[in-house]
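Note that the chains take the letters A, B, C and D in the order they are written out, and that residue 1 is the start of every chain.
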Amino acid sequence: MDYDLIIRNGAVATTDGSFEADIGVRGGVIVALARGLAGTAAEEVDAAGMLVLPGGVDTHTHIDQPPEGAVRQCDDFAAATTSAAAGGTTTVVCFAWQLPGTSLAAEVAAYHQRAAAARVDYAFHLTITDPTDTVLRDELPALIAAGNSSIKIFMTYAGSRLSDAQVLEVLEAARSNGALVCVHAEDDALIGHLTRRLIAEGKASPKYFPQSKPILGEAEAIRRIATYAELLDVPVHIFHVSGAEAAAEVERAQRRGVRLSAETCPQYLTFTAADLDRPGFEGAKLMFGPPPRSPQDHEALWRALRRGVLSVISSDHAPMRFDDPQGKKVAGEGAPFDRVPNGVPGIATRMRLIFSEGVSKGRIGIGEFVALTATRPAKLFGLYPRKGAIAIGSDADLVLWDPAHRGILTHAELWDANDYSPYEGMEVTGKPMITWLRGRRVYAGGQPVGGPGGGRFLARGIMRP
Amino acid sequence: MDYDLIIRNGAVATTDGSFEADIGVRGGVIVALARGLAGTAAEEVDAAGMLVLPGGVDTHTHIDQPPEGAVRQCDDFAAATTSAAAGGTTTVVCFAWQLPGTSLAAEVAAYHQRAAAARVDYAFHLTITDPTDTVLRDELPALIAAGNSSIKIFMTYAGSRLSDAQVLEVLEAARSNGALVCVHAEDDALIGHLTRRLIAEGKASPKYFPQSKPILGEAEAIRRIATYAELLDVPVHIFHVSGAEAAAEVERAQRRGVRLSAETCPQYLTFTAADLDRPGFEGAKLMFGPPPRSPQDHEALWRALRRGVLSVISSDHAPMRFDDPQGKKVAGEGAPFDRVPNGVPGIATRMRLIFSEGVSKGRIGIGEFVALTATRPAKLFGLYPRKGAIAIGSDADLVLWDPAHRGILTHAELWDANDYSPYEGMEVTGKPMITWLRGRRVYAGGQPVGGPGGGRFLARGIMRP
Amino acid sequence: MDYDLIIRNGAVATTDGSFEADIGVRGGVIVALARGLAGTAAEEVDAAGMLVLPGGVDTHTHIDQPPEGAVRQCDDFAAATTSAAAGGTTTVVCFAWQLPGTSLAAEVAAYHQRAAAARVDYAFHLTITDPTDTVLRDELPALIAAGNSSIKIFMTYAGSRLSDAQVLEVLEAARSNGALVCVHAEDDALIGHLTRRLIAEGKASPKYFPQSKPILGEAEAIRRIATYAELLDVPVHIFHVSGAEAAAEVERAQRRGVRLSAETCPQYLTFTAADLDRPGFEGAKLMFGPPPRSPQDHEALWRALRRGVLSVISSDHAPMRFDDPQGKKVAGEGAPFDRVPNGVPGIATRMRLIFSEGVSKGRIGIGEFVALTATRPAKLFGLYPRKGAIAIGSDADLVLWDPAHRGILTHAELWDANDYSPYEGMEVTGKPMITWLRGRRVYAGGQPVGGPGGGRFLARGIMRP
Amino acid sequence: MDYDLIIRNGAVATTDGSFEADIGVRGGVIVALARGLAGTAAEEVDAAGMLVLPGGVDTHTHIDQPPEGAVRQCDDFAAATTSAAAGGTTTVVCFAWQLPGTSLAAEVAAYHQRAAAARVDYAFHLTITDPTDTVLRDELPALIAAGNSSIKIFMTYAGSRLSDAQVLEVLEAARSNGALVCVHAEDDALIGHLTRRLIAEGKASPKYFPQSKPILGEAEAIRRIATYAELLDVPVHIFHVSGAEAAAEVERAQRRGVRLSAETCPQYLTFTAADLDRPGFEGAKLMFGPPPRSPQDHEALWRALRRGVLSVISSDHAPMRFDDPQGKKVAGEGAPFDRVPNGVPGIATRMRLIFSEGVSKGRIGIGEFVALTATRPAKLFGLYPRKGAIAIGSDADLVLWDPAHRGILTHAELWDANDYSPYEGMEVTGKPMITWLRGRRVYAGGQPVGGPGGGRFLARGIMRP
């Protein structure tokens, strides 16, 4: 046997487009790309008429986090990474999440243990919610040096948010130690004020939730963190940009030369605020923050994606069951929107939605699709060239993708531990048929292959100062 | 006698320029403007070759405020308003300043008493530093209804600043009760962070002070308050815009249709950050916040003034003695800059500096001078047409101004209680020769006329919702 | 008699608002403003409850121009200025219009003769359509020095337009001689191209006319002339800005410090492109260039007026009869839109429309109304303080204005020589009751007073280099 | 033999960076990329320590054009393409240049003949200087269909420039037939005006040349063509963007969604206007249009390149000998600058300058270098994936590049027919050691390999409408 795996005759996708070639894999690594590749392999697949994609890299996922109060995210590593594999994603970056008053290092250690069940490869963002001296001075340098070179902070959400002073301290520490800081940027005070006003006015059902988190408050918070990034000269990445004015603020900073990057997520390209107006408590299924905006915002986001203002599409997978006292109904059915936990699952649907809405509808090319879902996130977070590309020497994380498949999304095929999908019933074009992690099948024929586990921790290098 | 006062042959200045006319005053009010005014008066003045200006309206002055800790502003009402009159200013709006834990209503009452010594007319901004329910719900409505229809809040300075949540509550209360909210807009967390870093690096002398308060932090805070103003639909006025990027942010909001107005002050048009680099502790004499910027910022501010982006020039008179343990040296000579109280006197020099730098140097016309120093501040704060204009029915607050006078500014002629002027030794063109308040001389021949007192409280109407 | 005219108890309007005063006029000049003005007058008017406005200054009017081909504008000086007086306008600036191949000086001389019939005061813009050496070097300096210190040029319209090279030569000559250059800024080539395409596609009726002159072409031409103005350092005034993108381009230049001013006209604040879709040939009554845009553009223009980006509202009075082989039907009823002459009458309706749409509907204050319709145009074109203000020494051009009058506009009350008004049937609030020119009634009680003539030529000073 | 050529152990460069791999070539095409590629080849090269780049794609070159008057560009196809190969460029797009009054089709035919001497592959832009009906309707469709799917037009230069009306006609024809329009965008009238003024003032030496072509005129012309592109919905590519304000205008259009792309050239990243101030006539060696600007513009251009606003770096190779009556001295040594032909050679130096100034100095990464010099120009002009990439199935146009080589640029090693290089004496890092065209060496060891000829015409597909 010359190879462990040969995929023949596929259209191999890169950030520049696609070309027809056979792919030869040995030892988990891509070792050959060729026309008419000589040799044999233990597994040979004919990909004629198919795309072969680099496995998706999803750099914004909540997996098996510690519960916050009574709320528990339902996906452990086994569930979330099976769901990832089913969706064509082979690398996830999730959150090693410090709860206030606890040790970040201890959480990372525990997270490593829980992650043993992962079916795809993984890395950790360090979520800092309590930036004590111990955390910033004693723990952080070693944690970053150990390959966790990205930090997540919140500008909103009680229990998670940092004060502006703390934000600045974290940025300073990130700069000293070589980490990228990812930010949930929304104006907390504004959200609190509007929420109180809406609830007081009796506007408490899910459909009012978007009014509590206006895009102007998001844009303003982006401007704030961009100002900090500029003055402290530290790279910052904005999570889940939701619409036109937020993207414009990102661009404005980039034009000044600020080292600011940003992502959006499928939910901001598919839903609108109006979609939350569903009967009963159903709107809670679409409650995530920031909220979705308008069709005009969708097009503004696509334009920003094409122009490179936004360089990543992640899922912000945040799985909470709907009909569950540890999920959306933690405060009961019909609770006011400020008592409903935010977040939706999406790790399995990210690639399909973007392929369908983007590539199939002509908004982006296949090269841009690869860049947004795999290559650029891998590069930004220090995973490239190991991940995010079909290139000699890269891990053989590959997806056999049927570009012509048309189907209806149903929760049944997503393999997460949730009890619903926000995309239930949506018609999409394109589907992952087989997913390989380092040359080994992890998903095929609509089923996970083998048991959980097998994913590896990805230690990442530090960021340039 | 037909009139109490006739000023003949002067060039009467309005926002549109000047025209030659005689002015007839009766009962403290301008009752006639005419060529060759018939009749006689108790006082007749020949103003040939002179300008006659509407008395200056200075809408940002600190007078006789309660001490903060050991720091005491040195000007009581007698001193500050004598200084105002000496500088051609006949209306001041100063701060009825709530200290945390105290009643705003009580402070206003006390302030009324202290103001009895005022030599010019006065109104109060309500400075809120502790927006308790009692203040916002019980006291504020009556105080605004009683003619104090403007509020001052701080986004920075320990002891004065409000949290963003409090800012929003005050804006909401202002909207309900019809008040304009004036804002000291600088990013507090950023200033704290940079200050700590500079001090830690041993950069503690006054010349490092401007680095602790970068204009990007000012622009960012303006953006934040403008966002709040837009979302809550409430008018906001930005105090002491210090340079290009801050003015650009004001303009950006105005272009969106936000009801945002703004002022600058003479110190931002005359000093630069480099001016703080003086021997010994002398730089402390130029410590005010935000700090002065650069010559390019001066020109950007003049352009913004001409284009109406900035519509007011105030003094931000904040008198603290230099060689004084209750003033700049409260923490001793050579204390680190974060221990030096901010502020400079300027109530007497405002009109002369703007006339000299603006009108005499051709940057603005006489109409713009009148607009910026008298008419627009009067209009913005509800004092017009009683104040801020030479028009029939307006108060006869008048200044005989020699436009050709060239002189050197010295502290001796400013009549405040300070021990220095930041402008000492500066050559200026133009000088007030006589100042009348409601037809009565309050300053003439280089001397105050009569004793203190005589100024009246100006109750102002509420703002449109 | 102490005065020729006293108007008592009116609300005297200035750019700052209004104040109650009596006005005393002698020798055609305002000599007194007073409370309870002593003395008597040949004419005394009680203006209680009324506004007294400075007579309108309309700085963009086509009056008694030489015919172009078969097209003849229908208003001679008698008709146009009677119409002006009926609308509260007492100063017009019209075009001494050089036809290609003719002498500009000769045209000015002839124009002076024709203007003897004017009922209000007048000045001339020099319309240059053929900038030969003779015109620019031999004629222009003397014409400017004789008080015609403004030039009009066209960037579009065959027979009138200058090439870009000629535009630059005229700007250079204007700079040397101290004239302001007014520009009709639209991209000629683009209009030609789109017109040919539309006609070829059979889209020839008036409703397609706006598509031939898109606002992007207007904005582009403004950008071009602003670039020339910046590089040659010469003041330029943009005529008839029609909507948002054009105004934005004006502002962009102003922000750079370019000496660029601009006007709009009532037709751009009241009509939209959709209004041209009328039965039969009726749409031709609303054909003027640039065309009207959209309701969003109306609001953008009002915002630009409030913010000072646009500083003048003129009429662009261009009277061509509708049912007339020398007017709109020069090429016959139903001719393709490129054969229909552009222009609408508006000299009589300008003040009423702006008062009604602006002041009565709360979009601008009375001060802004005075500024836009009288003071600022007078200042910009060198007519102030003689014209455009109620101030001591200014010409007694006054309008008794009933602010509460509600009525329907009909052509019958406009006193021009046209056969229609585009505003026929529109309901407006506010109406001029009496118009005085230099203290003499020229219109009252719905009728012109006396015969034509009596208007004077206004020689204007040169512009600062 | 398994392959014609194997390059082993090199760092293979793509737009995403580089990876180590062996490259196998057969039949002129890349057929294998592998670790430890099995098999043998006629030519085997060890590239350890070297980069292997895709051959450069230079989409803006003047080669063997018909003389204009007495001026003759000195490079025929043999010289220019030898120079290209020496500089690591294997594809050139040059101009089939219609002279006024001639047939474009005939010129293309003649150009095909002259191009037989080409040593690298080539394609043609159709330069239209006389857009008659014959050209646009009879010739253009067939020429585009034959693979010449790009058009070049000039907005300035007598003899070449089109009127705006002609520009619009060409854009319309390009849209109908599926061609991209490349534009030399500068305001012709402005340049003419300033040139005449400068010459008249005696400012005629080369150092005044940049003053005749200010960047504001370039930005204005870009705005004009972008407006046309937007309104006609046709893709346009801006040639040689020279500095900040021009790039800002490109970006502004892109932000609106206009299909506008743009390039810059090495000369705008290395020279400044001040460099033209050389003794005697030496400044003529740096005369090209638009002219170079300032160091600030260099940095603005790099930023625009990194952000994707500018997506291509071409050479604008325009070889005219200096000491030659058919070159720079056509009007004699010391002729006024408007008599000196514009243009500099650069086909051989493009890749080295950008590698040195960009990659070696840390301004861009190797991926961006490949994108700007090969992949993106190939994609934009319809040459990808055949050209511009090292990928399976792509032409084996390859360059063995020594990234560590430091040397001094001298004209001797550039192999063109010129008598100077503007870069003479400049120190650069990085050098092409061997250049292969479709697997065959065309340059190696500092020498061309074999005789001229061997390059092929590249027919390109049409652009999407």
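Some points to look at:
Throughout what follows, a contact is a pair of C-beta atoms (placed from the backbone, for glycine too) under 8 Å apart; a residue touches a chain by one contact, two chains touch by 3 or more.
This one's a predicted model, so the numbers in the text were calculated from it and none came from an experiment.
Following the contact convention of this document, no chain is adjacent to both chain A and chain D. Farthest from chain D in terms of Cα centroid separation is B.
Between chain C and chain D, the centres computed from C-alpha atoms are 51 Å apart.
The mean-CA centres of chain B and chain C are about 40 angstrom from one another, to the nearest whole unit. Chain A and chain C have centres, each the mean of its CA atoms, that are 59 Å apart.
Looking at chain A, one finds that none of its residues touch two or more other chains. Judged by the touch criterion defined above, the protein chains form a single closed ring in which each chain touches exactly two others. Looking at the complex, you find that chain C touches chain B at residues 12, 14-17, 19-21, 24, 29, 31-39, 251, 254-255, 257, 303, 307-308, 375, 379, 384-385, 389, 391-394.
Against chain A, the residues of chain B that register as touching in their complex are 163-165, 167-169, 172, 187-190, 192-194, 197, 214, 216-217, 219-220, 223-224, 227-228, 230-231.
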